[in-house]
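What follows is a single structure, written as C-alpha cells, with notes after it.
Labels run A, B and C following the written order; every chain starts at residue 1.
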Amino acid sequence: MRVQNNETMRVQSSKSRIEKHHIEDLVGRSYMSFCVLLLIVSIVSMVYFVTSRGISTFAIDKVSISDFFFGTTWSPEGDHPSFGALPFIAGSFITTLLAALIASPLSICAALFMTEIVPGWGKKLLQPVIELLSGIPSVVYGFVGLSVIVPFLRNVFPGQGIGVAAGALVLSVMILPTITSVAVDALSTLPRNLKESSFALGATRWQTIARVIIPTTLPAIMTGVVLGMARAFGEALAVQMVIGNAPFIPTSLFESASTLTSVITLGMGNTTMGSPHNNALWSMALVLMLMTFLFVFVVRMLEKRRSI
Amino acid sequence: MEATLTAPHILQPAKTERDFRTENLSIYYGTYEAVKGISLPFPEKSVTALIGPSGCGKSTFLRSLNRMNDEISGSTSKGSIWIDGVDINASGTDVIKLRQKIGMVWQKPNPFYKSIYENIAFGPKYHGVKGKKALDEIVESSLRRAALWDEVKDRLKESALALSGGQQQRLCIARALSVNPQILLLDEPASALDPVSTGKVEELIKELKEQLRIVIVTHNMQQAARISDFTAYFYLGQLIEYGMTEKVFTNPENTMTQEYIMGRFG
Amino acid sequence: MKAKTADKIATFVIVTLALLIVAVLAGLLGYILFRGVSHISWDFLTSAPRKIRAGGGIGPQLFNSLFLLVLTLLITVPLGIGAGIYMAEYARPGRITGFIRLIVEVLSSFPSIVVGLFGLLLIVNIFGLGFSLVSGALALTVFNLPLMVRITEQAFRSVPSQQKEAGFALGLSKWKIVTTVLFPVALPAIITGTILSAGRVFGEAAALMFTAGMSSPRLDFGNWNPLSPSSPLNPFRPAETLAVHIWKINSEGLAPDAAEIAAGASAVLVITVLIFNLVARYFGRLIYRKLTASRRMN
C-alpha cells in the first residue's frame, strides 16, 4: 500500500534525469509562448502593413502631407486627382464629438440612477438594458437609423434626413453602454464614508452628487467617455449607412457628409491595390490607427491620474 | 538581540540519516530580511510549534521549509535546510519532488473544487499510482488517518465544498497525507475553526506525530502548550528562544518570551 | 428650500434620462422585432436570396454566419486561453508584461474596419487565401483575441490563490495545477465570456466585408464534401454573412422587398444575439449557484 519510497529523499538526482513534470511545464510554456507570440506578431504586422501602405500616398504618389490633411477637395480619379481628406477627418471628429456630447450626460445619469438614486432595482433594470445595447450589431443600428431616425429628421428638420445629425445620433446610442459601464464601475467603488460625511453635513443628494461624487469620479468617467469616443471614431458601417457619404465638410447638422471609415468602406472594394486612390484610403486607415493609439494613450493617462 | 537557547545541545548538527533542520536560514523579500539566519532542528516523532507576534517571520519560515516561497516573485533565501543529509535549499533541488515529501495545510481550508474522493486521489494519481483498487486504498487510509473516514465514507463522490469547515480542514490534512509525506507543515490549521473542530484537529496532530514530523505555526498559546513537544519563539525575524515546550512555557529564559506567553503583547 | 428644489429637479432629470435609455432599447428591440418577425418564416430562413425579384431568403447567409462563428471560436478560444493563462499565472510584473498588456489594450480598441483592411492585405492577398471563410475567421480572430485573453485572465485571477498553493504543496507541476486544478474553477467564467464574445463575432460586418467577401457561391446543401467549391463546408469559398448581407441590401439592394428582407435579417441577427446573451446569463447563474450553494462554511 505504501507506494512511495519512504526511505530517502531523492530530490537532487533530477539534475541528470528528465522528470514528468519538466516535460509538462515545457509543453505548457511552449503553448503559452506560441499564443503570446502570435498576439505580438499580429499587432506588429498590423502596424507595419497599415503604416507602410499608408505612407505610400506621400512617398510614392508624392501627395504633400498638408494637401492630404488640409485639402478640402476629394476627387481621387481622373487626370488631375486631388486627395484632400479634410472633409472626412472633419466628419469623423464632428460625429464623434457630437455623439460623445449626447451620450455622456445620458450615460452619467444612467450610472447615477443605478448607483445613487435606486441602487437596488435601478441596477437590475438598467444593467441588462446596457448589456443588450452593447450587444446589438452595428449593422442593425445602421438599419434602424436608416429606417427610423433618417425619416424622422427628414420630416422635422430641413434636408434629406441623412447627414451628420443622423450619424451622431446612431453613434451616441452605440457608445452609451461603454460610457455607462465604466461610470458605474467608478461610482460603485466610491468609498461609502465620502457620501455619508456629505449627507451628515446636511447636503442634499444632488449637492452630494454635484460637489462630491462627480468631481471625485471625473477622471474615471472621462476614461469612459474617451473609450466611447474611440469606439465612435472607429465605427464604420452604422455611420456609413446614415451619413449620406458626400465628400464635403458639412456646414449644417442636416447636411450629408462622410467620415474616414465610411470612405474606406465604400472605396476599398472599388479600387485596385496600389493605385493612388487606394493608397489614399490606406492613409486614412493609418490616421484611424494613429487615433487609436492616441485614445489608448489618453485612457492610460487618465487611469494614472485615477490611481494617485 | 541574542537568541536565548534553552536547549543549546539540540542545535548541534546531529548528522544522522533522519535529520531535519535548518542552518542559518535567511529569507528576503527583495531587500527586506523577513527571517534572519535561523538554525532550528525538527526532531523525529515530535511536534514543533513556532510562536510569536504577527509579522515575526514564523509563517515565512514555515513556507520556506517546502520552498513555497519560490512561487512568490522577489523572494530569495540564504542558508541551508537539511533533510536526510541533503541541503534542499540548494539550487539544484527538484522542488516539485521535494514538496511531495513535505505536506502542508493552511489556515483556511482549501479543498479542490472536486469530489471528496478526487481531492485525496488527485496527488497519488499524479505521482504514478494506477488502478482503482490502489487509489481506493489510499483514499480510505488517508481519510482514516485524518479521522474523517467515518463521516464521509458514504458520500465520497460529493463535492468537497459541501463539507463543514472542520471537515474540510481534516480533508486537507488527509490530502496532504495521501502522498505519504515525511514532514507535515501546518500554518495555523485551527484558527478558522470552531472549538469542537479545533479539538478534533489537535487530537489528530497528536496521533500523527507518531508517524511523521510536524511543524506548526500557531497564535494560540494554549494550543502550542497542549500539542507541541518543542517550541520556538520568533520576534522580528529572529529566533529568540527555543526549547522543550514545557520549559519554554513554565520557565522561559528570555523576558520577551515570558511577556509574550503571558499575553503582554503580540 | 432652494437646495431641496434643486435636488428634486435633478432627481427628476436623472430618472427621466435613465428611463429614456430604457425606452430607447425597448423602442429599438420593439421596432426590429415588430417589423422583422412577421417576415421570418421557415422559407425565409432557408432559401437563397434573389437579386432583383421579391421573395428571397437568407439561408446561405445564416449558415455562413454560424459556420464562420464556429471556425473563429475554434481558432480564438485555444489561442486566447493560452495567452490569458500566461497573463494571469506566469507573467511577472515587468516591462515585457506591461508591453503585452498594452498590446491587448490597443488590439481591442482597433477599429474593426482597419482589422478588415489588414486581413485583406495580409490574409487575402499575401497569404493568397482569397475572399474565404478562412480569411474571415482569421480576421475575426485578430478582432476577438484580445477579448478572449481578457476573459481568460480575469477568470483565472478570480480563482482563490489557495487552490494553487494546495497544488504546489502536493508536488504537482505548475502546468498540471493550471490545467487540472485552476482551469475547472475558471471554466464557467470563460464559457460565459466566450458566449458573449460569440454574439459580438456573430454581428460583426466591417472586418468581414473585405475578408470573407460580399458574395456567396451557389451552395448545394446536399454536398458535404469540404473540398468541393459548392459545398457549404468548404472553408476556402467566399461567404457573405448575415451582418454583411444586411449592410449590402441597405446600400445596394435591388429586390423590391429589400427593406422587408433587411428587417427580417436584422430581427434574426438580434434574436440570435439575444439568445447568446440569455444563455450566457443563465449559464453563469447556474454555475455560480452550483459552486456556492453547496458551500457551507462555519
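Quick note on the criterion: contacts are C-beta pairs under 8 Å (C-beta built on N, C-alpha and C of every residue); 3 or more make two chains touch, one makes a residue touch a chain.
A quick note: this is a predicted structure, and the numbers were derived from the prediction, not measured.
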Handout entry: Most centrally placed chain, judged by C-alpha centres
Key = C
Completion exercise
Set A-C beside A-B; more C-beta pairs touch across A-C
Practice task
Provide the C-alpha centroid distance between chain B and chain C, rounded to the nearest whole angstrom.
Solution key: 48
Handout entry: Inter-centroid spacing, chain C versus chain A (mean Cα positions, whole Å)
Key = 16
Problem - Where chain A and chain B are represented by their mean Cα positions, the distance between them in whole Å - result: 52
Exercise for the section: Provide the list of chain A residues touching at least two other chains, using ranges where the numbers run on. Expected result: 21
Problem - Multi-chain contact sites of chain C, meaning residues that touch two or more partners - result: 172-173, 176
Problem - chain B: positions in contact with at least two other chains - result: 96-98, 100-101, 127, 179
Problem - Of chain B, residues touching chain C in the complex - result: 66, 68, 71, 73, 96-104, 106, 108, 110-114, 122-123, 126-127, 159, 161-166, 172, 175-176, 178-179, 194
Practice task
Going by the contact rule at the top, pick out the chain A residues touching chain B in the complex.
Solution key: 1-4, 6, 8-15, 19, 21
Exercise for the section: Would you pull the chain B residues touching chain A in the complex into a rising list? Expected result: 17, 83-84, 86, 88, 90, 92-94, 96-98, 100-101, 124, 127-129, 134, 137-138, 141, 179-180, 182
Fill in the blank from the handout: Counting only contacts in the complex, chain C reaches chain B at residues 92-93, 160, 162-173, 176, 180-181, 184-185, 291, 294-298
Exercise for the section: Would you pull the chain A residues touching chain C in the complex into a rising list? Expected result: 20-22, 24-25, 27-29, 31-36, 38-40, 42-43, 45-46, 49-50, 53, 105-106, 109-110, 112-114, 117, 122, 125-126, 129-133, 135-140, 142-144, 146-148, 173, 176, 203-207, 209-210, 227, 230-231, 233-237, 240-241, 261, 264-265, 268-269, 273, 282, 285, 288-289, 292-293, 295-296, 299
